[in-house]
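Here it is: the structure, laid out below.
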Amino acid sequence: MIIILKKDADKSQVENLKNWLAARNITPHVSEGAHETLIGCVGDVAKIDVGLVQQLSAVESVQRIQEPYKAANRKFHPDDTVVDCSGPKIGGGNFQVIAGPCSVESEEQMVGIAKAVKAAGATLLRGGAFKPRTSPYAFQGLGKKGLELLIEARKETGLPIVTELMAIEHLPLFNDVDVIQIGARNMQNFDLLREVGAQTKKPILLKRGMSATLQELLMSAEYIMASGNPNVMLCERGIRTFETATRNTIDLTVIPVLKRLSHLPVIIDPSHSTGSAKLVEPLAMGATAMGADGLIIEVHNNPPCALCDGAQSQTPEMFAETMKKIANIRPYAWERS
Amino acid sequence: MIIILKKDADKSQVENLKNWLAARNITPHVSEGAHETLIGCVGDVAKIDVGLVQQLSAVESVQRIQEPYKAANRKFHPDDTVVDCSGPKIGGGNFQVIAGPCSVESEEQMVGIAKAVKAAGATLLRGGAFKPRTSPYAFQGLGKKGLELLIEARKETGLPIVTELMAIEHLPLFNDVDVIQIGARNMQNFDLLREVGAQTKKPILLKRGMSATLQELLMSAEYIMASGNPNVMLCERGIRTFETATRNTIDLTVIPVLKRLSHLPVIIDPSHSTGSAKLVEPLAMGATAMGADGLIIEVHNNPPCALCDGAQSQTPEMFAETMKKIANIRPYAWERS
Amino acid sequence: MIIILKKDADKSQVENLKNWLAARNITPHVSEGAHETLIGCVGDVAKIDVGLVQQLSAVESVQRIQEPYKAANRKFHPDDTVVDCSGPKIGGGNFQVIAGPCSVESEEQMVGIAKAVKAAGATLLRGGAFKPRTSPYAFQGLGKKGLELLIEARKETGLPIVTELMAIEHLPLFNDVDVIQIGARNMQNFDLLREVGAQTKKPILLKRGMSATLQELLMSAEYIMASGNPNVMLCERGIRTFETATRNTIDLTVIPVLKRLSHLPVIIDPSHSTGSAKLVEPLAMGATAMGADGLIIEVHNNPPCALCDGAQSQTPEMFAETMKKIANIRPYAWERS
Amino acid sequence: MIIILKKDADKSQVENLKNWLAARNITPHVSEGAHETLIGCVGDVAKIDVGLVQQLSAVESVQRIQEPYKAANRKFHPDDTVVDCSGPKIGGGNFQVIAGPCSVESEEQMVGIAKAVKAAGATLLRGGAFKPRTSPYAFQGLGKKGLELLIEARKETGLPIVTELMAIEHLPLFNDVDVIQIGARNMQNFDLLREVGAQTKKPILLKRGMSATLQELLMSAEYIMASGNPNVMLCERGIRTFETATRNTIDLTVIPVLKRLSHLPVIIDPSHSTGSAKLVEPLAMGATAMGADGLIIEVHNNPPCALCDGAQSQTPEMFAETMKKIANIRPYAWERS
């Protein structure tokens, strides 16, 4: 952290500032230049509130030099993290496609879709049992029953299952789940993050909030990791922009950017981001070309009758076609050098 | 809900659509015009997924006519809601100022600030015991001890207390709290909303998410109200924009807009939105002129030493000055006609 | 400008950097600390491309210390600029209301509205002769004929006139105009800015682009001022956000922020920002309370028949009522201390 | 256009509305349902101001059914437009890479880079002679001299040239230019759009404004086309979001979306959008996989010494490597079905 002093800061103000820093175990190194005086701060500056320093009477401006995340930071962990999802591995060159319906609806539906996506090449099965809905009057998911149906579909197909956890009191129900998803709206539900870090070692698929910056996403990953669970995967599912032609705007640049900043795997969700089944294929192809570690795609056997988000669900036929196109591109995918 | 059919929709497609609607207990009323065919939908359309209808083969576009919120809707509850905060009333012409530090730090601090803000005219006391922080390494609040200090400050001053709840498992600790705050990052933590609706009747101060629309804010209020708690107050605390000169951009237009859409009180937070103590006064004055039902302002006896957010805290002296200026403007505040 | 070096930067890289700076007449002052090495840069750093420095091999990060605008900067011109608009003065404690229709339509309309707004207390008259429309098929304004009608209305009422210039080749037609408006969509039409700076000394009302930062707005003012015209007024007319309940979101915080950063007057446009006549009054009241130097309000004698933007136009009766409410608040308006 | 009436609209209000429509040559078709009354509007509704209708006393809400653009609309021109750029064709299956420096600096530089990018496979040459800069103190381009150097580079290599026009009075200097670029900041400089439509038939590369919606981009294309020039290419160069890790956020979803809405070619600019040379390659690969009709990439022989935007320029070596990776992916690119 570097503090630039005001030109007209007097000695007593500067003395106060140095004492203030010292009280926080920060050692100040003063460099007086012709035009400005700088204070380099040595110590555990991660705990200092930058906004607060900025208001001190002697201070012109402040700059952090280091990222505030450590466990998630590529600088301190140069090798890619590889997450083992009960068999399939994600990251470090391992690419997987997670597929399935938005909501679990019935055994017939889940087993049917699971078989279809497996046949097309998916290696993990997704499905929502607890659903975050903006309206209290909308279908909220089958809950515990939904988890049972997912497990049934895994028995039939062998595909590990991925499903969303919305409240920590439901965690005991997730014992048989393979990968726990934290949704975009809970990305900064810090109590939930801390607990999935402390209470489990299962892989966590952490979705980026709709207006979150990448640093905020990485800080949320840091909450989980700092609490004891290193198995975090980052998922881009579209951000909010002014564009209305799609539901959200997927930010594919996050793939190379996150891979530079962090060692965690990056998964792209082309279904939620667009809200349109027809756009899933080109986005999945783009994400693959840009080096994503995985995709999570909604597939439904009968989209017009889906209880939620049918509009963005591919049919099994569309999904199979998309998987072929992805396979063509995957050998030429971008790799971080 | 009105469905506009594609020009080239054939009879069987339209028949399918009508059956699809009928299966959902919606009665379709078809109007064939020279240039387009419309279907007016009668029934409980709130449960229909608009995105899904939009994907059906015969459909050109769909439009909702009614807002998806009911309990929070001014149309169905024309009179202003007045929320009783253990004495002070908010809404329906009643204006209150809530003040206090960002975080509870010590008894001396809390009691000192409580006395100062009371002397300046504040009628409720705020203070954070559980703090949402983007970094797991930052000060997370005093927790239970913080709640005890708040209660101590209430004993000394008589000011009812407002404090944030971050996880439903902490609710039992909030028995002696007067007003429960739900923070911006939890605005769409639907499980938490449902439970503060079902498990308590205490007033809820619901903060708008940093990128939430007003409809989303009202839907979150609806979650609380639909679960049984009608005592909801809406709070604008600044939205994220491209501007970097302030931390967030406060959207004061929400005051007249929310008052037209809803009967719930509207509170403005000029402290978090700007991140700068110097901007609190002009924003508080603007919000008052525009007819806010209340303000929530951070005050700290020693801002440079505050454990969090000192940068945006007024001193008691600044706060007293601001209260005088607000009092000048309040008689001329805008009223909904 | 301060450059922070990478920890592993070697001597030759640092030597290269110093030479690179020297070639641009920048004198580097190196401060070696225990944990980082900084280079303070002395010279005309405004001409240095920060992004470029950031890419140099030895550089960890770069920070500008000074704002890139000079003529518009309060630091170098501590006193408020007062702009003389052919009689009425704006800024430095002088407050004016500009009113009139979105588009000039006919002599009867213009003279009628001009008399009405003058009677209500407006001191300048607005009206669009050249109209920026998103559709090439929409009404584009009366052009030269519109300017003539504005001048006619001025003759009848004595109100100076404000109207928009869209292309520099039209400037000769604006000889009799009192204040030239540059619209939000042209805020970064740099050729136009440069020419209204070089070819005229008339006051320029510069509207903020819909997604522009305040620094960008000030840089656009700087273009005009650096070309020779110091008579610039800054106008907030609403920014684009995710909110759909209003057309744009007005950012009233710009009033105290711009007054701290710059000495130029700040005008608020509550009509375009909301797109709704009913919201103009509360916004005008809020802007007044927060210390705006002026307001620009759309008024139309028959809004439903206006050729453009009738939806946001007040009637003369509404405007007169709003003027009274503003007058109540104005004595208590916030002032920069 | 469909108008939904208020439930409590009385007969005289509805009669007024019908007269208001009739006065604008719109024939209203009324459909009275059990729960709502609709008016389908037949006629040239493109000229009606929706916001205005929405304010009429009888009106609950209004919905446009048709897009407001015609010439640019895929519905009316189902076949892809193929633009001939003095030899190389873009669109309808033809893919081209435009490359060159941000700014033209010298003959040596231009000819050197032109030869390098040609050798790597680029088929058009870019270079800025007139530069839009946010600061009046920054390098503004070589102007006329820059155009001459571009033409010189074309002579040496045969590559057609693409360069930006900022003011219509410069058009006579562009006689020898092959493709005219309209920059993001001028996307809604309607006078400039109209004139490049009316005064030339040269291909226009129209860049999307930093916060523009796709409909606004298409309306700007419509301005050019309605004025007489059908040779428009749409270019995504990144939009403004809250992310700070990159300069802008490129929205690659525009490729499939624009191709559905319009028949015009879609070009992606991975250089300006990221502001970082290292991100150009993965973005170029993603854009290619998603079916872009072309790319425009900044290449500089000595990025650290570039007079502007060196930070985002690839070296000729990096560019050659990127071209190879693009060539691998191109055979598998997404195609609209």
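To keep things simple, chains are lettered A, B, C and D as they appear, and every chain counts its residues starting from 1.
Throughout what follows, contacts are C-beta pairs under 8 Å (C-beta built on N, C-alpha and C of every residue); 3 or more make two chains touch, one makes a residue touch a chain.
Note that the coordinates shown come from a computational prediction; the quantities given were computed from them, not determined experimentally.
J.: Suppose chain centres are the mean of their C-alpha atoms. Which chain sits farthest from chain A?
T.: C
J.: Given the two chain pairs B-D and A-B, which is bridged by the higher number of C-beta pairs in contact?
T.: Of B-D and A-B, it is A-B that has more C-beta pairs in contact.
J.: Taking each chain's centre as its mean C-alpha position, how far apart are chain A and chain B in Å?
T.: Their C-alpha centroids are separated by 26 Å.
J.: Could you state the distance in Å from the CA-based centre of chain B to that of chain C?
T.: Computed value for the inter-centroid distance: 31 Å.
J.: Please compute the C-alpha centroid of chain B, do the same for chain D, then give the distance between them in whole Å.
T.: About 39 Å separates the centre of chain B from that of chain D.
J.: Going by the contact rule already set, what residues in chain D reach two or more other chains?
T.: If we look for residues of chain D contacting two or more partner chains, we find 211, 240, 242.
J.: Given the complex with chain D, which residues does chain C contribute to the contact?
T.: It is residues 20, 46-47, 49, 51-52, 54-56, 68, 132-139, 166-169, 185-186, 188-192, 194, 210-211, 216, 219, 222-223, 226-227, 240, 247, 275-277, 303-304, 306, 308-312 of chain C that touch chain D.
J.: Using the touch rule from the top, collect the residues of chain D that touch chain A in their complex.
T.: Those in contact with chain A are residues 211-215, 239, 241-246, 249-253, 255-257, 260-261, 273-274, 278-279, 281-283, 285-291, 325, 328-329, 332-334.
J.: Once bound in the complex, which stretches of chain A touch chain C?
T.: Against chain C, the touching part of chain A is residues 2, 4, 29, 31, 33-36, 38, 40, 42, 60-61, 63, 65, 240, 242.
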